[in-house]
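These notes open a run of structures that come right after.
Shared between the two complexes below is chain A, which has chain B as its partner in the first and chain C in the second.
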Partner chain A sequence: MFAATLSLSRWIFILALIVPVGAGVLGVILPALSYFPAIGETEFSLDAFDALGAVQSLPYMIALSLFTGLSATFLALFGTLAMLAVFYQTTGLQWIQRLLSPVLVIPHAAAAIAVGFLIAPSGWPVRLISPALTGWSLPPVFSPLHDAMGIAVIVALTLKALPFILLMALSVLAQPHLSARLNKQLNLAVTMGYHPASTFLKVAWPMLYPAIRLPVIAMLAFATANVEIPLVLGPGSPPTLAVAVLQWFNHIDITMRLQASAAACLQVVVTCSAVLFWLLSERVGAGLISRWQLDGNRVTAARTLKGVAVVTVLGILTAVMLMLASLTVWSFAAHWPFPQALPDAITVLHWASGLTSMQTPLTNTLLLAVPVSLGAVLLSILVLEYEKQRDHCSKLTDKVSGDLLLFIPLLIPGVAFLFGLTWLAQLAQAGQWLPTYVSHFVYVLPYVFLSLAVAYRRFDERYRYVAYGLGASPYNVFVRVTLPLLSAPIAIAFALGLAISFSQYLATLLPGAGAIATITTESVAVSAGGSRRLSAVYTLMQMILPLAGFVLAWWLPAKWFNPAVHSR
Partner chain B sequence: MIRWISGLLIINGLIWPTHAETLQFYAWGGSPQVNQYLEWVSEQTQQQFDITVNHVKLADTSDAVSRVLAEKAAGNHSNGNVDLIWINGENFAAMDKHGLLHKNWVSELAHFTLTNPTRNRNMTMDFGIPTNGQEAPWGKAAMVFYFNQRYLSRPPANASALLAFARQHPGRFAYPLPTDYLGISFIKYIALTLSTIEKEQLYQPVTESALDAVTVPLFDYLDKLHPYLWQQGEFFVRQASRLQQLFADNSLLLSFSFTAAEIPAAVSRYDLPLSTRTYAMQDGSLSNVHFIGITYNSAHKSDAMKVVNFLLSPQAQAKKQRVSVWGDETVLDMTRLTQDQQKLFAVDNRHPSSLPPAGHHVLLAEPHTSWTDALRKAWFARYGEHL
Partner chain C sequence: MKLNALILDEVEVINNHHRLIRVNTRVSAGSVLTIMGPSGVGKSLLLSAIAGVLPAPFRQQGTIKIGDQDITALPAHRRGLGILYQDPLLFEHLSVAQNIIFGMPPGTNKYVQAEELLAGVGLENYGRKAVQTLSGGQQARVALLRTLAAQPRAVLLDEPFSKLDMQTRAQTRKWVFDTIRQNKLPCIMVTHDEQDARAAEGEVVTVSNSTETI
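Coming up: the complex of A and B.
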């Protein structure tokens, strides 16, 4: 029975990742080929692509998507490299890790809104230096928001991408066998007179990069196809392709859906081109590093790396602190004319009205996140247990075979398959909640699984061997030994699942047909509304929710599952 | 829920034939303020005419339109469920098209003359479609501008002054994309004030030559204005509400809205500066009116007319205009009222940011419905895709 459940869970796992994405892509290809029975289009043709090709600004949209996505990923990766090179094996790295981890769980929409608060012409940085240094008694008319180059978009994307890539790299570096080998090589190089930063670049990076390559490419795919950030911060004529797709899908004229579907297909091509370009650039980078490895230069790029690392650390920390402080002040601000550094008075009015209007979105947020995360945790545990039992006798491999599969939802742009999924759900009359659960599950499962897989891999097998030796059944070993010992990572994975579900914008908006309002969808809506103060309340709430989940995840297992407490 | 309740009410009405003095008023029920006002109306009509007004709270007014249409299809021409209906724009166009409204009764109302219909043509035009006495005006929304008095002592009073203002203060004015209702309203305002063609053409279905005649001066104006807009006119906000945020930031010194009552409310919520002042353009305020119709198959037409006449009375209109009650602007023309009647509309503690009483100079009726789409398309053809 237990064995059957386990192997069944394996199949559910594969289907849960492939079916919604596959069906969604199909659901976008059909309308792109002008098959859309709802508006009487039943003949296949390439008309939608012709219409798309006739959009004059299309090349600019594509270029903007590529430029913002590639720049942000490159900056995040380079920043990660510099920080690791300079701070690896120092206590500074632990501090950076601690400070940046919370940034990882800030929803993209919240990060975009917060960056908007910061770089707005009336934002805090400008207020602090005005009018003393600038002479401005009114906010400047030029603004880095909505700039045609998408610089604001790149800033926000980098801010979110960098902690992700850095923490991925740190989790690789924390693997005992790798770090032991690496540290020996690094120490050897340093004794040969190499600067530590250059050593990291020449020795550690070539070993580290292949291990974080897949998350980096997933990040790139995400960055080229993201909607929330360019929607809040990006230009409008033309916007990035993904934003254009969204606006065309929402166009009053329903026949625009055909063009939108064609554009969604094009988005897949654009994302793939970005990935291809990245893979080619990797070769150039690898060539450069292998040349450096042999040139005998003891201080290659040491100064650059140090400069970049310091700028990155200071930049990100200052930005995050200023963002939090400025959101907090705005959320309590009464009248606050420019260029005053502080409001005239403080009030709890915005929190009071925000919390009142938040009740339904908050309930919806939890109604989605809790079952989805529970399901994802349960399924991931069963699959990992299945793999563990299957590989029981064979050598423990580091690579979980499902890993590549997990990246499917992260690599295929959401704008491409979520629309198709929504359309199919409408055809099947599945309502709004079921498709929304499915799309959230697709995004939550990979993160929950990857997070749990790390813990499962590090699990000390000897506990299980002892239990087996005492005659326990596989089920009993699983329930009475493995699960209690893994309670802390399970709680963390659950909190991660909650955080991912909380942050979903498109995956809530589209399948829910706009009827399921969550904190994130409301926050994006409110950010375009009349009240900056209310927007600050919503954005802070978006940040508080996932953090609350993690705090509980750290605190609860220690309280409930601590054997020391129970033995008393 | 609302449909369920209204369904119950209808069943109720079928089982116990209602007394002749109960009228069924089908009106959107999503606002507690409106609902409370209609309760007050029913109390008043009971006292004055022994007529009870039952508010059937609709989630969507088009539901009531389809109900009357279904009754007509079923041959119920004299005993319909709907007596009074609150409509404008599309729903009126649909009812007009299908002949679902009682005709030529409005001019018989004693209080209708107080709206000064000969001067204010929006009292008899609903988005460019003549009302033909099928519906009586009830309240109105009109475009108001607001400015920051701290930085601007005299705001622009007409379209050409607005252009001069923009040149003098580059980047301090913005309007939303024409896909937003306030964005297209701004374009209509400019089109109405600048066009040299016969105004009548704007109130008829759009033709190619009329559109060309309107867009030449319109685009000439916008071409000059755009470089001086917020973000040099390269980025347009997608939603009207964003203008308020930019104004609150002091990024804009001049902005506009279709709901005058929301401006003092936003100041009280700290969302607009204390120095915000509301005013109306001298060359006209684009406005639209919401109306009350009587269905063609109502069995209580004369009672319904009594109620509508009461709704148009200075007493009922003044009550409705009070911000604490509803804040819906009156359709009555103050010049037609006696001193005593005007006093009803005076507010004791007027908010400094709100529109001064009788603040509108000229009301510009909405052009014919077909112009909306034509102007929007022309704008995007001229200024490119903005998404």
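Coming up: the complex of A and C.
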């Protein structure tokens, strides 16, 4: 019975990752080929692509998507390299890790809105230095928001991508067998006179990069196709391709759906091109590093790396502090004329009205996040347990191909398959909640699984063997030994699941047909609405929710599963 | 309790087409067989094979018997073989007494029994404590109590004393072997400490580092 459940879970796991994405892609290809029975189109043609090709600003949209995505990923990767090169094997790295971990769980929409608060012409930073340094007594006319180059988009994307890539790298470097050997090799090279930063570049990076390559490419795919950040910070007309797809899909004229579907297919091509370009650039980078490796230069790039590392750390630190401070001040601000450094008075009015209007979105947010995360945690645990019990006959390739599957939803742009999924759900009259659950699940499952897999695979097998020796059956060992001993990582994975679900914008907006309002969708709507104070309240709420989840995840397992707490 | 021997009939551990280790022996009740040899020859794998938890890609051949019963095909949890490692591996989500109770068969008054067992090894009133608060030697004692509480038919020891400091090691070693002998259990110990082998006062099998192609 237990064994059957485990092997069934493996199939559910594979299907949950493949079917929604596959069906969604199909559901976007058909309308792109002009098959859309709802408006009487049942003949296949390339008309939609012709219509798309006739859009004048299309090359600009594509270029903007590529430029912002590639720049942000490169900056995040370079920042990671520099910080690791300079701070690896120092206590500074732990501080950086502690500082950046919370940034990881801030929803993209919240990060985008917060960056908007930071760089707005009438934002707090400008007020702090005005008119003393700038001489402005009125907000400047030019604005770094919505700039045509997408610089603000790059800033927000980098801010979110950097912690992700850095923490991925750190989790690789934390593997005991790898770090022990690597540290010795680094020390050896340093004794030969190599600067520590150059040593890291020449010795550690060529080993580390292949291990984080897949997450980096997933990040790139995400960055080229993300919707909420360019929606909040990017240029309006024309926007990035992904935002254009969203606008065309939501166009009053339903025939625009065909063009939107064609554009969604194009988005896949654009994302693939970005990945291809990245793979080619990798070669250039690898060639450069292998040349440096043997040139005998003891201080290669040491200064540059140091400079970049310091700028990155200070930049992120300042940005995060200023964003939090800005949001907090605005959320309590009464009348606040420019260029005063502080508001005239403080009020809780915005919080009161915000919390009132938040009730339904908050309920919806939790109604989605809790079951989805529970399901994802449960399924991941069963699959990992299956993997353990089948270790007697399994090949390593099994494990690896299973892990590669996880990247399908992360590599295929959401705009491409979510629209198709929504259309199919409408055809099947599945309502709004079911498809929304499915799309959230598709995004939550990979992160939950990857976070649990680390702990599960590192779990000391001998605990199970001892329990078998005591006569406990596999099911009993699973329930009474493995699960309680892993309660801490399970709780963290659950909290991560909540955070991912909380942050979903497109995966809520589309399948929910706009009828399911969550904190994140409302937050984006409010930020476009013009009330900066209410927007600050919503954005702070977006940040508080996932952090609250993690605080509970740290606290509860210790309370429930640790007799040491009670006996003291 | 029946006095059954643990019999290894041509038991081999095989990695692909290489035989790592082969043992052919009979361990009578109340005696300790010591398997010695350098690390990497598959001593621990042999214990895993006997316990029924041999990981992939290793395979096992031969027959394992307790008395007349062939247990080779039984799943690990139905073999009735208690196993002790160099780490005590007490379950940290359970108290000291609960760890011992985990091994007990269904019955009543288990808390009282656990406390009695603890008292017998100089750990009066330790039942409610968290296992993390115990010293290494105390944890080792609780681990053996837990193993014995499950009423195993034989005991496997995998480098059981190597992580204890010198003084605790001698005491714990004497106590473990005395207890196993008192309980009339057959026992196989894997170690590379000569003193362990001497204290076991049983047959010593030395395996060498030769992999045979088959």
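The definition used in the following text is that the second predicted complex is superposed on the first by the 554 of 568 C-alpha atoms of A that agree within 3 Å, B and C clash if a C-alpha of one lies under 4 Å from a C-alpha of the other, contacts with A are read in each partner's own complex, and residues count from 1 in each chain.
What we mean here is this: a contact is a pair of C-beta atoms (placed from the backbone, for glycine too) under 8 Å apart; a residue touches a chain by one contact, two chains touch by 3 or more.
Since the structure is predicted, the reported quantities are computational estimates derived from the model, not experimental observations.
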Margin query: Just to be sure I read the superposition right, which of the two partners does A:Y468 touch: chain B = first, chain C = second, or both, or neither?
Written below: second
Margin query: Under the stated touch criterion, which partner chain does A:A23 make contact with: chain B (first), chain C (second), both, or neither?
Written below: neither
Margin query: Going by the contact rule set out at the top, does A:L138 touch chain B (first), chain C (second), both, or neither?
Written below: first
Next item on the list: Determine, under the contact definition given at the top, whether A:L317 touches first (chain B), second (chain C), both, or neither.
Entry: neither
Notebook entry, point to check: A:V55 contacts which: chain B (first), chain C (second), both, neither?
Noted result: first
Check: Touch check for A:V243: first (chain B), second (chain C), both, or neither?
Finding: first
Notebook entry, point to check: If you stack the two complexes on chain A, which partner ends up touching A:D460: first (chain B), second (chain C), both, or neither?
Noted result: second
Notebook entry, point to check: Counting only touches as set out at the top, which of chain B and chain C does A:P484 meet: first, second, both, neither?
Noted result: second
Note to self: Per the definitions at the top, what is the overlap between the chain A residues touching chain B and those touching chain C?
What the structure shows: none
Item checked: Contact footprint of chain B on chain A as seen in their complex -> 55-57, 120-122, 138-139, 141-143, 146, 148, 235-239, 243-244, 247-248, 252, 333-338, 347, 349-350, 353, 528-535
Next item on the list: Going by the contact rule at the top, pick out the chain B residues touching chain A in the complex.
Entry: 150-151, 170-172, 177, 179, 230-231, 234-239, 241-242, 244-245, 248-251, 253, 266, 269-271, 273-274, 383-387
Check: Once bound in the complex, which stretches of chain A touch chain C?
Finding: 391-395, 460-474, 476-477, 480-481, 484-485, 487, 561-568
Notebook entry, point to check: Where on chain C does chain A make contact in their complex?
Noted result: 48, 51-56, 75-85, 87, 89, 91-95, 98, 102-103, 105, 128-133, 146-147, 149-150, 152, 156
